[in-house]
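Labels A, B and C are assigned to the chains in the order they are written; within every chain, residues are numbered from 1.
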Amino acid sequence: MSEVARKISPSRRGISLAGFRELNVLLAFLLLCGYFYYQHPDVFAKPANLAIIMRFVATFGMLAIGEVFIIITTGIDLSVGSLTALTGIICAWVMLKGIGMLGMGPIPLVPALIITLIIGMLVGVWHGLFVTKLGIPAFIITLGTWLIARGLAAYITKGYPVVFPYRGGHETFLSLGQGSFRSIPYSFIILIGIAIVATIILNYSKLGYRVYAVGGNLEAARLSGINVDRVRIFCYATSGFLAAVTGILMASRLGQGTPTVGASYELWAIAASVIGGTSLFGGEGTILGALLGAGIVGVMQNGMVLGNTSSYLQEVILGMVLVIAVVYDTLRRRITGAQIRTFFGSFSRKPRDA
Amino acid sequence: MAATVDQTPVLEVRNISKAFPGVQALSNVDFKVYPNEVVALIGENGAGKSTLMKILSGAYKMDSGSVYIAGEPIEPQNPHHAQSLGISIIYQEFNLTPNQTVATNIFLGREPSFDNVLGRAALVNRRQMRHEAARLLERVGARFSPDALVRNLSVAERQMVEIAKALSFESRIIIMDEPTSALGEGEVKVLFDIVRGLKEQGLGVIFITHRLDEIFEIADRVVVLRDGRQVGELPIAEATPPKLIAMMVGRPLVEMYQKQDTSKGDVVLEVRDLSRTGVIDDVSFSLRKGEILGIAGLVGSGRTEMVRAIFGADPRTSGEIFIDGQPVDIHSPNAAIRAGMALVPENRQLHGLVLEQSVERNIVLPNLDWLSTGLTGLLKRGQAREVAERYVRQLNVRTPSLAQRVKLLSGGNQQKVVLAKWLASSPKVLILDEPTRGIDVGAKAEVHALMSQLAAQGIGIVMISSEMPEVLQMSDRILIMHEGRVAGILDRTRATQEVIMAYASGETDAVKV
Amino acid sequence: MKRYLVVLITIAMLISMVPVLGLAGAQDDMTIVVIGKSVHPYWSNVELGVKAAGEALGLPEDQVIFFVPPREDVAAQIQAMETYIAAGVTGIAIAPSDPAALEPVMARAAEAGIWVTTLDTPPVEDSVSTVYIGTDNFTAGTIAGEAMLQLLPDGGKVGIGRGSDTALNALQRTDGFLAAIEGSNIEALEPVNDREDFGTALQLANSVISANPDLAGAFGVYAYNGPAWATAVTEADMVGDIKVVAFDATTDHINFIMSGAIQATVAQREYDMGYQSVMVIAALAQNEDTEAVLAEFGAVEGVIDTGVDVLTPANVKDYEAGLDEKGVPHEWTTADWEPAEDAFEFVMPEEEEAAEMEEAVATEEAAE
């Protein structure tokens, strides 16, 4: 038996496969970069242009990290786009107008950021409670928040952006999203910091082990003594928190909290994580992959503008990339190693008797 | 009522054999079912009843032998084909769509319809469908409307729908797989009336059951299977419970590993009055250190449900659990693990392992708390690897590396990984649910040796097994369950296959014989 | 049971949208409804105009109703129209999100004896709408194009950012802009579509500036597109080198005009559209002679042109004074700011010229 097992599964296949997956994404990313560099050598690699791509990755990569946590546990979070808009508005609002309900005037930077982040996290916890305690599908409850947050964003502002005044003394806040260190945007640096923390959590902490186990087999995880509800709530809270981070950075970048951001960001974030190898079947996915996925989308969008591609076509092309990524993911799961061998074996060996 | 020999049997099975890797599931089984006859098919768990049924339904292909319907040889290709040949099977799990009406369910996929100009079925003829459904329901004596939604029906009523559906195929023979297991007493009576009605309409019925008393009430003949062989066939008039039990279990014990005697310590686990409404009722027992308590009983007797309730995997309605004499509040598997319990579940692939993950990650899973640093929650990777390695070596798990995904291991090695992850948690009480099911002989012996060794180390072991020899040779004491209750607890010295079988089938009187 | 509850609640909500039922009749208790397109500062300004007109007429608050769906939603507009028709209001002024789709229900309103006018977006030809009040997007687009012509007398590359490739207002403004610059040395790049997202708009603006080091100008079609261009221009450190022409006048537009990143922005007089819509309906309801009323409001061929403001550094202070006069609130102030000596000043082309331009386009289109 063991001999057979050994033959079926050459050693270290698990490792090499896992490594190989990200390698695929990395190769696709480098290939795209190479292509656009070849097309626009004088523009593409300019620090200013790279900064543009980094800012894009900072937005969608942040949300994609949250999606990775949730999709690993076989959930989905459709609310992050709307939540980005809402938290951006909340942040700008409390800093410029205060909290009317509590009769508080404008609030300084740090407390305002903390309030915003906590609100984002609480929305995530809210999702988690519905998903775990009531068994409501994640798709539905986050779709609800998608509507609620977007509606609240419009209701609070009546459509007016909450604009930081011209020379209004909010330079520290505005520099978060607008400033950069040697042409690397702060927002990108923040993303990398968060990505490192997230990677450590996922790969090196017991929490991360639990996240993957819950996604791989919920019942086995529960019977192994894992509080599966708490793990899933943590994932939703993470996604909500990161949506708030994105909302803050976006408000800072635009110099205003506005309801006209965040439209379909959740779809781009999901797309980025899926392109990066996160499996919608759960149990698989990495932060690095999601960042590379966001990078691929970002480079493509930038590259198509560089090429003055018709905007009608851009969406078609991006959609096709997503479809290819998902089909690849599905095929990869359906075709196991054994099947691949059978397939290739059928050319070299005679078919056995039935 | 008994069939006459000159009649053509409605179903005849001749010399059917079927082997699976490592198991001869059926060998040379043959029997006949005549019209107007109910044949009871009985046997222990794993005697070959399900395999036979799956062959008749076309789900499996037989290796050799032949099947005849009304004298015509047939070879069912798939369940649909079998149905069109006149064989209908009513499974324990119904195949009904709950949100549709009874009539729709009966005619699912072959709705009476109006033809379009090309002669193809176009629109469903709802009136005709309802009319015919009503007629079929009348034949089974149902009192609900064909327009009722299935989800609003009781289990017994759903069963009637299934039977009506079988009749709609013009079935000659209806096979019922433990049809009474989910029914109350009154409902059983109704079902028997239906079965008698079917019999009078000229059908043959095969009635598979664990409840011996039912056989005497409904069957005309009994066919007994054991280890894939047909060991007996007798008219009901000649059958008695002790006789049937003897036929079901009467095999010589094969030589296999036997638990070493160990000195029993204090009581480590005590369960008092454990109940879960409708599933288990008032279960009490105790377990000593170094003891193996075997849990026997038929499939569906509540064994798995009982250990799941003890482990906190399912809620319990009442009952207390003591570990080392201390009451423990077990409301989740996590609490059970903290109290020192471990559960190796029946279905290791669904409940025991994260198949897509590595051997190491699976072993580490229930031990994350003590394998990580308290403050940051970061895993002590070196130690985790060491632990995984130690248990892989100790249990002789054959894997190319710790990084191997467990999905790619054989059944026996997968089971060893499950054992490894629990042994690493140093449990006081180890609960094993069918620990050797579906694994090969070599691995089985290893698991048995390991159990004996663990008992010697003072671990208390609860072992559910459907294999009589395993129960008899590995257990110090044997708890037998019947319909959610403890039917009896026997000392190893007093236990025989016959006695266990008698308790398990609720024929306690037979024990005295 | 639950289903009935939902239906009941829905009905209750619909009813609550109509504060008072059965209001039609005598002149003092006429009810005038204005239906906008979406929740947006633009429509909030229309609402201000509507309320101001109501006050000027001395109508109680619940008889001057302003309704907008949360986002552009033709079905919601139709539903609202039907509700108000059933309520028998005096008149409805609507900004149809889809003129063709709204026309049948507008016709039903007219049959029911309700005055129907349109604002912001012109109705279909031969519409039942008595009068259209506003400046249409095409004309406004040509004025933006004219501003760009004056900013770039020597021509150059111009980027265009917009929030939709299919919405009528985006297409009409773009077409107007392109019509105005046609024949000049200005070369328009392919418009970039941000799917109505400010963040994406900024991202795309960045990319366009990066892709075209020789970019001379940028045109922002939707309200946030101008600020998006201005932010990108500021980030690229090219304030003044890339001329930005925008649409609408929100706080950030004014901020960027003051910082020099936006050279001109075309502001539709949405407040006036709301104000006039109410005033016209009130007058129509009180006078027999429709033509006379329309003439009095300066309608030409069924159109009351509210015109546009082109805000530039040179006139933004005057604009603020004008707003203060009307009592339109604004969060910005130009108090501590003075325009530069050589600040850009827009010269409105003669009206005949604009008409000529439109005609030229029309004949050209006809020729095709």
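The rule is simple: a contact is a pair of C-beta atoms (placed from the backbone, for glycine too) under 8 Å apart; a residue touches a chain by one contact, two chains touch by 3 or more.
Keep in mind that what you see is a predicted model, and the values were worked out from it rather than measured.
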- Query: So which chain ends up in the middle if you average the CA atoms?
  - Reply: A
- Of all other chains, the one whose Cα centre sits farthest from chain C: B
- So, what's the distance in Å between the C-alpha centres of chain C and chain A? 36
- Query: What whole-number Å value describes the gap between the mean CA coordinates of chain A and chain B?
  - Reply: 44
- Message: Based only on mean CA positions, could you tell me how far chain B sits from chain C in angstrom?
- Response: 71
- Note on the structure: Residue numbers in chain A touching two or more further chains are none
- Query: What are the residues of chain B that contact at least two other chains?
  - Reply: none
- Message: Which residues of chain A touch chain C once you look at their complex with the stated criterion?
- Response: 40, 43, 46, 48-49, 52, 55-56, 59, 151, 154-155, 158-161, 163, 165-166, 178, 250, 253-256, 258-265, 301-302, 305-312, 314-315
- Given the complex, residues on chain A that touch chain B span 1-2, 4-6, 8-15, 200, 204-207, 209-210, 212-213, 216-217, 219-227, 283-284
- Once bound in the complex, which stretches of chain C touch chain A? 38-44, 70-71, 165, 189-193, 195-200, 202-204, 206-208, 210-211, 213, 224, 227, 231, 235-236, 250-252, 254-255, 258-259, 331-332
- Query: In the complex formed with chain A, which residues of chain B make contact?
  - Reply: 311, 313, 332-334, 336-338, 343, 345, 350-358, 361, 364-366, 368-369, 371-372, 376-379, 381, 398-401, 403-405, 408-410, 412-413, 421, 440, 442-443
